[in-house]
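Got some structures for you, see below.
Same chain, two partners: chain A is paired with chain B first, then with chain C.
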Partner chain A sequence: MLLEVSDLSVSYGEREIVRNVNVSLDEGEVLAIVGESGSGKTTVIRAILGCLPNEGRVSGGKILFEGKNLLGNIPAEWCRLCGTKATMVFQDSGSILDPIDRIGSQFIEYIREHSSLTKKEAAKAAEDMLRKMHLSNPENIMKSYPFELSGGMRQRVGVAMAMFFKPRLLLADEPTSALDVTTQAQVVKEMMEICQQDKTAIIIVTHNIGVAAYMSDKLIVMQAGEIVESGRTDEIIARPQSIYTKELLDAVPQVGGKSYVS
Partner chain B sequence: MKGKELVHRLIQMLITLFGVSLLTFSLMYLSPGDPVEMLLEVADTIVSEETIAETRAQLGLDKPFHVQYFRWLAGVLQGDMGMSYSAKMPVADRLWQSLPGTMVLAASATVTMLLISVPCGILSAVYRNRPLDYLIRGISFLGVSMPSFWVGLILLYVLGLKLRLFPIAGGEVSFDRMILPTLTLSIAMAAKYTRQVRTAVLEELGQEYITGARIRGFPMHKILWRHVLPNACLPLITLLGLQIGWLLGGVAVIEMVFSWPGLGKMAVHAIEMRDYPLVQGFVLWIAVLYMGINLLVDISYTYLDPRLKKGGC
Partner chain C sequence: MSADKETILTIEHVTKRFPVADKCMLTACDNVSLSLYEGETLGVVGESGCGKSTLVKLIMQLHTTTSGAICYRGEDLTRLTGERMRQSRRHIQMVFQDPSQAFNPKMKIKDILCEPLRNFNLIKDREAGKKAEELLRMVELPEEFVDRYPGNMSGGQRQRVGIARALALEPEILVCDEATSALDVSVQKKIIELLVRIQREKNLSMIFICHDLALVSQISHRIAVMYLGNIVEVLAGDVLSEAKHPYTKALLQAVFPVEKKEGTVVRPLEGEIPSPLDLPPGCPFQSRCPESMERCEREKPVIEELWPGHSAACHLLKL
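Showing the complex of A and B:
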C-alpha cells in the first residue's frame, strides 16, 4: 500500500472540518474525490502533504506513506518527501510560482534542489519535460514570467514540474477547473499519459464527475467533511448507494458519456 | 518607466517646485520679524532710520511682494539663488558648505536603520506571535512612541555626559561625533521600519507561492531568501522613500540637538535671522531631493517588478 490515511480529522481553529476520512491507494492507482464546494476535499489532500493553511491542523488519525507516518515528520523530512516522491498540482499553477521570477529560473532551481545537475543540464531537462507536456515552445516559456502564460499553459507547466521527478504520488486539486472544456480534456489526458508511464498514483479532486469517471479506478464522494461513499468508480457510477451520490450523478447527465473528456 | 512618463514626471516636479517656492516665500513675507533689523542688531550699534531704509532698498525688500518673488524666481532660473544676508555669501555656496554634514549623517542613519530593522522585521515575521516577535514589537513600539529629540537628549546625557563615551559638543564633522546623532535618527526610523518589514514579510508568507515552494520541497530558509525577500522588497522600497523623506526633516531637529554642522542647523539659523534667500534655497533643495528620491523609487519599481516592466496587470 502506497498511501493509507485512517480516521483523519482536520480542524481550523476550534472547528472540526473533516472527520474520519479513510483513503487507501496502491502504486499507480487513480483515486478521484468529488463532492460539493466546501465539503473538505482540498483540506484532505493538503493535510496529506502537511500544507494546511496557518490555522489548520490535523486533529486525529494517521497518514502512512510507504509505511511511514507523515504526521511525525520534521521539516527536513518534508523537504525530502515533497517535490520528489509526492507532489501536487493546484487549480492555478500560476499562483504557486513566484510572480517576479521567470518560469525557467524557478524550474531550474527546483531541479537543482533535488539533484546534482548543472544549470545547463537542468535547463535542458526542464525544456524536455515541457515538451513532453505538449508545450510547443519551451525556450520561450522558460523565459516567461507566470503572468505571461495562458491558463492552459500554466497548468501544463504545473504538471510538468510536478511530474519531473517521477513521483510515486501526485495530488491534484481541481487541476483543470479553471480551463475551458476542450483544454480541460487535453490537459487531463496528457497528465494521465505521463502518470501511466511513470506508474504514479494520483488523487484528483474534481467537480467534474465526467473527468472522475473517465480517469479514476476508485472514487470517494464527500459531503460536509465526511465520506458518504467510497469504492470502485465503475461500481459507484453503476449502482450509487447514497442519496447524495445519486443526486450528484443526476446533476451531470453526460456521465456515461466519456465523450465529455476524450 | 517610459520616456514619455518620465517627461511627464519632470514637468510635474517643476510645477511642484514652483508651488513650494511660492508658498515659502509667502510664509516668510507674512511672518513677523524684519531681516534688516536682525542684520543690524547683530552689529550691536544704534542705527538710524536712514541706514535701515537704505539697507532695505539695497536688499530689494521695499518692493511689493510679487516684484520680490519674481525677481528671485528670475534669478533662480538663471542659476542664481541670490546672496545670503547673514552669511554674506551666495546662497549656493552656503548650501554647498553645509551639504556634506547632512548627507553623511543621513546616509549613516539610513544604513544603520536598515541593518537594524531588516533582520528584526524578518525575525519578527518568521517567529510571529512567539516570544521573540513580542520582544521586537515591544521595543519597536517604544521606539515609535519616543520623540527623537528626546531620545537624542537622553543619549547625550547618559552616553555623553555620564559615561563620557562620546563627545557631547558638535561643531565639526567627525566619526566619533557622528555616532550619537546617527543612533538617535536610526532608532526612530528603525522602530517604524521594523514593523513595516514585518508586515511586508508576513504578507508574502501568506501567499500561495510559498505553499508552492514548500510542496516543491524547498527548506524555509531558501524560500525566505530567494522568494519572500525579493517580493517584500517591492513595497519596502516605497516605504524606504517615505522614511528618507521623514529623515530630511528629522535631521534638522537632531542637528540642533547635537549642534551638528549640517543643512538643518543652517536652516534653523537662517529662519531666526529672517535670511529669506537662504531659507528659499534650503527649501528648494529639500524639495528637489525629496522628489528625486520618489522618482528613483518609482523607476526602481519598474525594474524590479516584471509585471510593470512588461505592461502586464
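Showing the complex of A and C:
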C-alpha cells in the first residue's frame, strides 16, 4: 500500500471540517474525489501534503505514506518529501509561478533545489520534460514569462514540474477546471500518459464527474466533510448506492441527454 | 420548427474590431448573423476567446459595433442614442456569470431588485418591499431575503437574485452569460429548471452563452457554435451530436462522458486557438482542422444552409 489515510479529521480553528476520511491507494492507482464546493475535497489532499492553510490542522487519524506516518514529520522531512516523492498540481498553475520571473529560471531553480544537476543539465532536462507534455517549442516557453502563456500551457507547465522527479504520488486539485473542454482533454490525456509511464499514483480532486470517470480506478464521493460513498469508479457510476451520489450523477448534463425544452 | 415563430432579435453582419498596440486590429466578431425567435433559447458555445462575450456586449449595447445592425423588433439598436437608447434597454436584460460580483455588497436585496424599476420610474418607494417579495417568490427564494445583503447568501441563491433582478423590468429577451458556470452541478440543475419554468410562463426569449456543450444541448432550441469570432455552425439543440462542422465535432469529442459507452473515444483537438490578431486568409479553423484542404487556405467558407434549421460554414460539406 502506497498511501493509507485512516480516520482523518481536519479542523479549522474549533470547527471540524473533515471527519473520518479513509483513503487507500496502491502504486499507480488513480483515485478521484468528487463532491460539491465546500465538501472538504481539497482539504483532504492538502492535509496529505501537509499544506493546510494557517488555521487548519489535522485533529485526528493517521496518514501513512510508504509505511511512515506523515503527521510526525519535522519540517526537514516535509522538504524531502514534497516536490520529489509527492507533488501537487493546482487549479491555476499560473498562481504558483512567479509573475516576474521566466518559466525557465523557475523550472531550473525547482530542479536544482531537489537535485545536484548543473544549471545547463537542469535546463536541458526541463526542456525535455516540457516536450514530453507535448508542448511545442519548449525553448521559447523556457524564455517566456507566465503571463505570455495561455491558461492551458501554464497548466501543462505545472504538470511538467510536478512530474519531473517521477513522484510516487501526484495530488491534483481541480487541475482542469479553469480550462476549455478541448484543452481539458489534452491536459487530462497527457497527465494520464506520463503517470502511466512512471507508475505514479494520482489523487484527483474534481467536480467534473466526466473527468473523474475517465481517469480513475477508484472514486470517493464527499458531502459536508464526510465520505458518502467510495468504491470502484465504474461500479459507483453504474450503480450508485447513496441518494446523494444518485442526485449528483443525475445533475450532470450530458450530450444527448434529456432536453429541458422540447 | 422555428419558421412559424416571430423573430424578436436579428443580428445582421455584425463585426467588432478592437484596436490594439502597434496599429493592429483584433477582430472579436466577424460578420456574425443570427436571429432569435420568440420564446426560444439560443445557445452560443465556443472556447474562451472565441468572441461569445463580445457578442453579448454588442447585443447589450455595452460595446458599439464596428459595422452591422442589431434589430430588436425591427428597430436598429446600434443607431439609437440618448434617452431612446436608455429606454430600449428595458427589453433586453442580462444575468452575469459571477453572482458574487454582480451586486453592490452594501445594498439590501430589496434595493437590488427594485433598482431597475426605480431607474425607469416604474415603482413608488412604498411599493418596493412588496414588489421585491413578489420577485423573490418567482425565483423560489423566501420573502424574508428582502432585508439580507448579498454577502449572506450562497452562490445559488445569489444567482437566483441575479435572475430576479434581470426579470424585474419584464424584458422580452434574457441574456445569460455563463450564468451557471460558477455553480456546482446540482445547483446548476436547479437554476436551469427555474429558467426553463420562467421561460415557459413568460414566453421569454433567451440567449444562453456557455462553454459546456452538454448543458447547452439540453436547454437550447438552437445552438450557434463560434470559433475565432465567426459563427461556424447553427443547428437544433437536440441534434448536436449529429453536428457536421469539423470544429463542432472536435468539441464534442473532447467531452468526457460520465458513462463510458462502447466506442466513445475522447479525442482532444490538437493545438491551441490561434491569435485573433493576424488571422490568415481562408477558413479560421484551418490550422487545427484534421480535414483541411488546399481550398481552405485560400477561401473563407460562408455559412450556408445545409437543410432547414441546420447551417454550417465549411468547404468540405459542399463537396
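Here is the rule we use: the second predicted complex is superposed on the first by the 252 of 262 C-alpha atoms of A that agree within 3 Å, B and C clash if a C-alpha of one lies under 4 Å from a C-alpha of the other, contacts with A are read in each partner's own complex, and residues count from 1 in each chain.
To be clear about the criterion, a residue touches a chain if its C-beta (ideal position, glycine included) is under 8 Å from a C-beta of that chain, and two chains touch if they have at least 3 such contacts.
All values reported here derive from a predicted model rather than from experimental measurement.
When chain B and chain C are set side by side, the one touching more residues of chain A is C. By the touch criterion defined above, A:G152 reaches chain C but does not reach chain B. By the touch criterion defined above, A:I203 lies against neither chain B nor chain C after alignment on the C-alpha atoms of chain A.
In the overlay built on the shared chain, the residue A:M142 is in contact with neither chain B nor chain C.
Of the two partner chains placed around the shared chain by superposition, chain C is the only one that A:A185 touches, whereas chain B remains out of contact.
In the superposition on chain A, contact of A:V18 is made with neither chain B nor chain C. Touch criterion met: A:I100 reaches chain B, while chain C stays clear of it.
Once the two complexes are laid over each other on the shared chain, residue contacts for A:L3 go to neither chain B nor chain C. Once chain A of one complex is fitted onto chain A of the other, the partner contacts of A:G83 are limited to chain B, with no touch recorded for chain C. Chain C contributes residues 41, 47-48, 155, 184-189, 192-193, 196, 199, 211-215, 217-221, 237-238, 240-241, 250-260, 266-270, 272 to its touches with chain A in the complex. Per the touch definition, chain B reaches chain A in the complex via residues 206-209, 211-220, 222, 226-227, 230-231, 234, 304-307, 310, 312-313. Against chain C, in their complex, chain A makes its touches with residues 36-37, 150-153, 180-186, 188-189, 207-211, 213-214, 234, 237-238, 247-262.
Against chain B, the residues of chain A that register as touching in their complex are 49, 51, 54, 75-76, 78-84, 87-88, 90, 92, 95-101, 109-110, 113-114, 145, 147-148, 161.
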